[in-house]
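These are the structures in question, set out in turn.
Okay, so subunit A shows up in both of these, paired with subunit B first and subunit C after.
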Partner chain A sequence: MSGSLFAQGLALGLLAGGLYALLSSGLTLYFGVMRVVMVAHPAFLFLAAYTTYFLHRVTGMDPLLTIVVTVPLFFVVGIGIQRLLVSRLAPESLAMMSVLLTFALALLIEGGLGVVATGSYRSITVEYATSAVRVFGVALPIDKLIGFGIAAVTFVAIFLILRVTRFGKALRATIQHPTAAMLVGIDTNRVRGIGFGIGLATAAIGGAVLAIIDPFFPAAHWDYIGKLMAIIVVGGLGSVQGAAIAALLLGAIEGVVQVSAGATWAGLIFYGFLFATLLLRPQGFFGGRLAERF
Partner chain B sequence: MRQIRRHRPLLASVVTLGLLLTACGEDDADDPTAGGNDSPGDSEETPTGDPITIGISLPLTGDFSEPGKGIQEGYETWAAMVNDSGGLLDRPVELIFRDDASDPNKVVSDYESLITQEEVDLVFGPFSTRLVIPAAGVAESYDMLFVEPAGAAPEVFEQGFEYLFYAAPAIASDHYNYLAEWILGLPEDERPQTAAYAALDDPFAQGTAYGLKEKLEAGGIETVADEVYPPGTTGFTAIAAGIADADADMVVGGTQFEDTVGLLRAFQDLGYQPDLAAFSTGPTLPEFEEAVGAASEGVIAPVGWSVEADLGANQEFAEKHREVHGKEPDEDAANGFTTGEIVAAAVEAVECAEQGEECQRALADYIRENEFDTIVGPLSFDEAGRPQSAHMILQWQGGEIQIVLPEDSEVQTADIQYPKAPW
Partner chain C sequence: MMTVAAARRAAIVVAAAVLLVYPWIAPNSYMRYAGVLVVMYAVLATSWNLVGGFTGYVSLGHAAFFGLGAYGTGILIIDLAVPHVLALAISTVGVVVFAVVVGLAAVRVRGASFVIVSIALVTMMSLIAQDARELTGGSSGLRVPPISEDLDRTSNHLLFFNLFAALLLLATLAWWFIDRSRFGAGLKAIREDEDKAEALGVPTTAYKVAVFALSAGFTGVAGGLYGMWFGNLDPIFVFSIIVGANMVIMALLGGVRHLFGPTVGALIVAPASEYFLTRFGETQIHVVFSGVLLGIVVLFMPDGIIPKVGALLRRFGPVSSSIREETQQELRDRQGVGA
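Up next is the complex of A and B:
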């Protein structure tokens, strides 16, 4: 493999890692705040991609502009799902039952998309996103750069919400110790609902990004859930920064494997890292001492 | 997550057509005067006499129901045309359909019962390699001629079948033959020196790309990249990066629709500009231009049949198809029609259409030894039933599909553009 191809694979992998980081931040929120394993997160990502697609086709809106519609919509849907479904699950078996519940949601979304939009691939081509910037001979596709930028901005915004705002403090308190948080007067139910809404809003943003960078079809979300689960375990469950670092790292390795060993092997590296993490450091590599185990 | 197959008993029941389309045919079957109606002068009239029954099992439900229905329509159009023009051997044809629900076990019992219970005179093939092989096994054991409209994968022809013929221009690995010939016919200094390949991990898709690869390598065009990706892949940029890095003069995709679009967009992203770009399947569909926009310009693909082509009875077929089904024919329908054309020509020449080794073997031998003028062009077959022709080569020019190869043929609609415009 030539040096330039290695650099190209690394660059593409890092850019893909940006989207992974954005998506895994949502998963981390669900798990951190509520101990909910949200298997349907990528299904919502594809629901958002399809919403973007149809908004773009029908109204002629710029696909990236559609997030003005999808983000509030998904935020509200997220609160609704938490209030109406997730909060009804028994707290002692929440992690396990939430897998079942969100698995059902994922199937519903996939089936619904199949009925409405058929199983064939869709893609959005935007004129400004079909070229690349060249840096030292490495091509950085504009659409992927835009996607990475949006993911980075969103990620920083979530990080700031968690660190700076009063709501963020309440959310982190709920993550660390729900009972203690209630004792100091935090309405943990409200915090959980909003946390879920924010998580789903990241899927809405991810969907708009996905729609312009890759073709998509309803069943493709299964490919993502495995990767994202691996990322949040490697990163340390419940740690937003840990998930971001793991996402960029695994994305970069995936990119390099893809250009060297081929696409068939690239999908495996996520699971390789998942196994290695569980064997060597089950609490994840970046989560710190508060990180949870599955 | 595979969809659950639903068996629909209603659709699975026997559907008879063809004869029923010609209103008086049924009555005449018992008419004592009917048998004497064999003077050559009135062959254009409604055929009378015992119908020639043709048994067909098709996937009308399940995974392959889309192409299955397309082929059924092609068969129906063929039967309607035959009956309009005097029938076969002055007898009307009657098609008996069974629905195999895309199930290889069902397809076997369908042909068993069509041959033994319905005692059909002839059988036509079903759809797809997965169903063609078991079905052909049944036909073989009853000594029935088995001309099939689908099943282009190499293994179909490696089973030692003596009665099987594939009624389309070429098997997968021969799809690009005209392109290979044209490229290797270019002067040394003009032709591409290096080639890159990307293929979906699927026997048909890989077959098309690797058929061309073999011929180009033998002709001295170096392979500088060869990527294979699993079905369901959605991210193509890294796959494309390997090819862009090799900067080959030409790129070949063994693809379906979605990966054609994904690869092409990734090449655009990476700024890779080959002189020649060929993809299987994807560019043959009208949606292609919609998906990639102006980047379609100059893209090449092999295509087995074209509604515009003035080959054999193609225009009559298209017209009749619109009349019978109220829609444009597609390639599946055309393959079904071609199957009918070949069997009909053999039946007329051998002058028999009945069960039994004597007649069926005579039909098979006739097909093996002769060339047929069909709607996909002249067709002939080798010992194993492989068609000996090649696909036409199309190129997108100014937002339209043009047939560019073979050169100086009646199907050519424009000259090939090479090198292609940047995308």
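Up next is the complex of A and C:
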């Protein structure tokens, strides 16, 4: 493999890693506040991509602007999922049943999208993002750069919400020790609902990004499940930073493998890392203390 | 008055009789085909329940073993000209060995992580099967030659209906024996509290891997039979998450703690999805149906339809706890004291 091809694959992989990082921060939030592995997260990502697509087609709205519609919508849906569905499950079987419940949501969304929008590929092209800039001989497509930028800004925003705001403190307290959080006066149910809302909002933003950078079809969310699950396991379940590092790392490796060995191997890389992590270090490589307990 | 146990025995005999005569009374070829499919799903759900029901480890990726059994058998027949029966046997051994290796890694993690691993497994197999064109034919499919050239469609359906029914009997017997064995008690202890089970001396890893491999073995045989019966393997369908999900839905709907739970679930879900498939054809309504059904089961009857119906019939029956599997009422009935 030539050096320039390697650099090209690496750059594209890192850019894709931005979207992975944003999406895995959502997954980390669900897992943190409820110990729920939200299998439907990528399905919501595709739901958002389709919503973006149809808003763009019908109203002529800029695809990136559609997030002013999808983000509040998904935020409310996220709260609803936590309040109306997940919190109904019996606590002793929550871990298993919540996976099955969100799996059911994923099937519902996939099937629904298939019925409404058919199984064929869709994509959005925006005229300001069709070219590419060249940096040191590496072509960086504008759409992917924009996508990475949006993902990075959102990710930093979520990180700051978690770190500096009062709500973020309450959320982190709920993640660390729900009972103790309740004792110091935190309304943990409210915090959990909002945690879910923010998590699903990452899927809404991710959907707008996905819509402009890649063609999409309903059943493709299964690929994302595998990738994102690998990322949060490698990163250490429950760690936002860990997941982000793992996302960029695996994204970069995927990019390089993609240009050198093809798409199948690039897809398999994630599973290789998933199995290796579970065998060698089940608590993940970049996780915080929370991960140690699982 | 008939006791519960006698009624149950009578119901089993009637159900078995109906099962045996079904292919002869089925009105047309399609109904025979659907019958084979239903029994196959009953086998798959019962095999799945060996892991899911006893240990509480939910595998959404059992289609990986189904597909491996199907492709293993098909490839042995086509590329190495191995006789059908031998090919099935070899590929089943292969599936079991594979399941032991995967199981050693997979059962190290519990709960949600195990589900993730199982999903990853089937997506991985699907990617590999689509890519290895010279072996699997890729997305254009693999044609598996029929067991005998002079078998017409009806006798093909009849033959495989009986083979799947026999396999169902075997899987059900396996479940029945394990349910009553020390091995089964250990598995259930793992389900209730794995740490305590380990502390009490249950060899948890060995037990989990053993039952995982047994379950995968049955699933693999079903896959091999499917390949010979259906004659065409498509990686997207064979290694599909939906097939794996169907096994879980059927077992949960029927009741994972009951011998016939998965079979009852299969009898409900398989005809229903088949109906949606034929009625609405190419649309994805059947996926929506699976999703809605799974959601309803998880939210409203996580113990399945058999306990639900049982409770309805008894009306005033006591609430059974998760540990005690026999109610006082059943105990009295069994001992012949009478209710």
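The rule is simple: the second predicted complex is superposed on the first by the 291 of 294 C-alpha atoms of A that agree within 3 Å, B and C clash if a C-alpha of one lies under 4 Å from a C-alpha of the other, contacts with A are read in each partner's own complex, and residues count from 1 in each chain.
The rule we apply is simple: a residue touches a chain if its C-beta (ideal position, glycine included) is under 8 Å from a C-beta of that chain, and two chains touch if they have at least 3 such contacts.
Everything numeric here is computed off the predicted structure, so don't read it as measured data.
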item	value
Partner chain in contact with A:Val115 - subunit B first, subunit C second, else both or neither	second
Winner by number of subunit A residues touched, once subunit B and subunit C are compared	C
Touching partner for A:Trp222 - first (subunit B), second (subunit C), both, neither	both
Partner chain(s) touched by A:Gly255 [first = subunit B, second = subunit C, both, neither]	first
Which of subunit B and subunit C A:Leu278 touches, first, second, both or neither	second
Contacts of A:Val184 with subunit B and subunit C, given as first, second, both or neither	neither
Subunit B versus subunit C as contact partner of A:Val58, first or second or both or neither	neither
Partner chain(s) touched by A:Gly9 [first = subunit B, second = subunit C, both, neither]	first
Partner chain(s) touched by A:Ala95 [first = subunit B, second = subunit C, both, neither]	second
Contacts on subunit A seen with subunit B and repeated with subunit C across the two complexes	107, 110, 222-223, 264, 267
Complex contacts: residues of subunit A adjacent to subunit B	2, 4-5, 8-9, 12-13, 16, 107, 110, 120-121, 123, 125, 130-132, 134, 139, 141-144, 214-217, 219-220, 222-223, 254-255, 258-259, 262-264, 266-267
Subunit C partner contacts - residues on subunit A that touch it in the complex	35-37, 39, 85, 88-90, 93, 95-101, 103-115, 119, 218, 222-223, 225-226, 229-230, 233, 237, 264, 267-268, 270-271, 274-275, 278-279, 282, 294
Residues of subunit C defined as touching subunit A within the complex	56, 58, 60, 105-106, 108-109, 111-113, 115-117, 119-121, 123-124, 127-128, 130-131, 241-242, 245, 248, 252, 283-295, 298-299, 302
Complex contact set, residues of subunit B against subunit A	1, 201, 227-230, 232-239, 241-242, 244-245, 257-258, 261-262, 265-266, 268-271, 291-293, 295
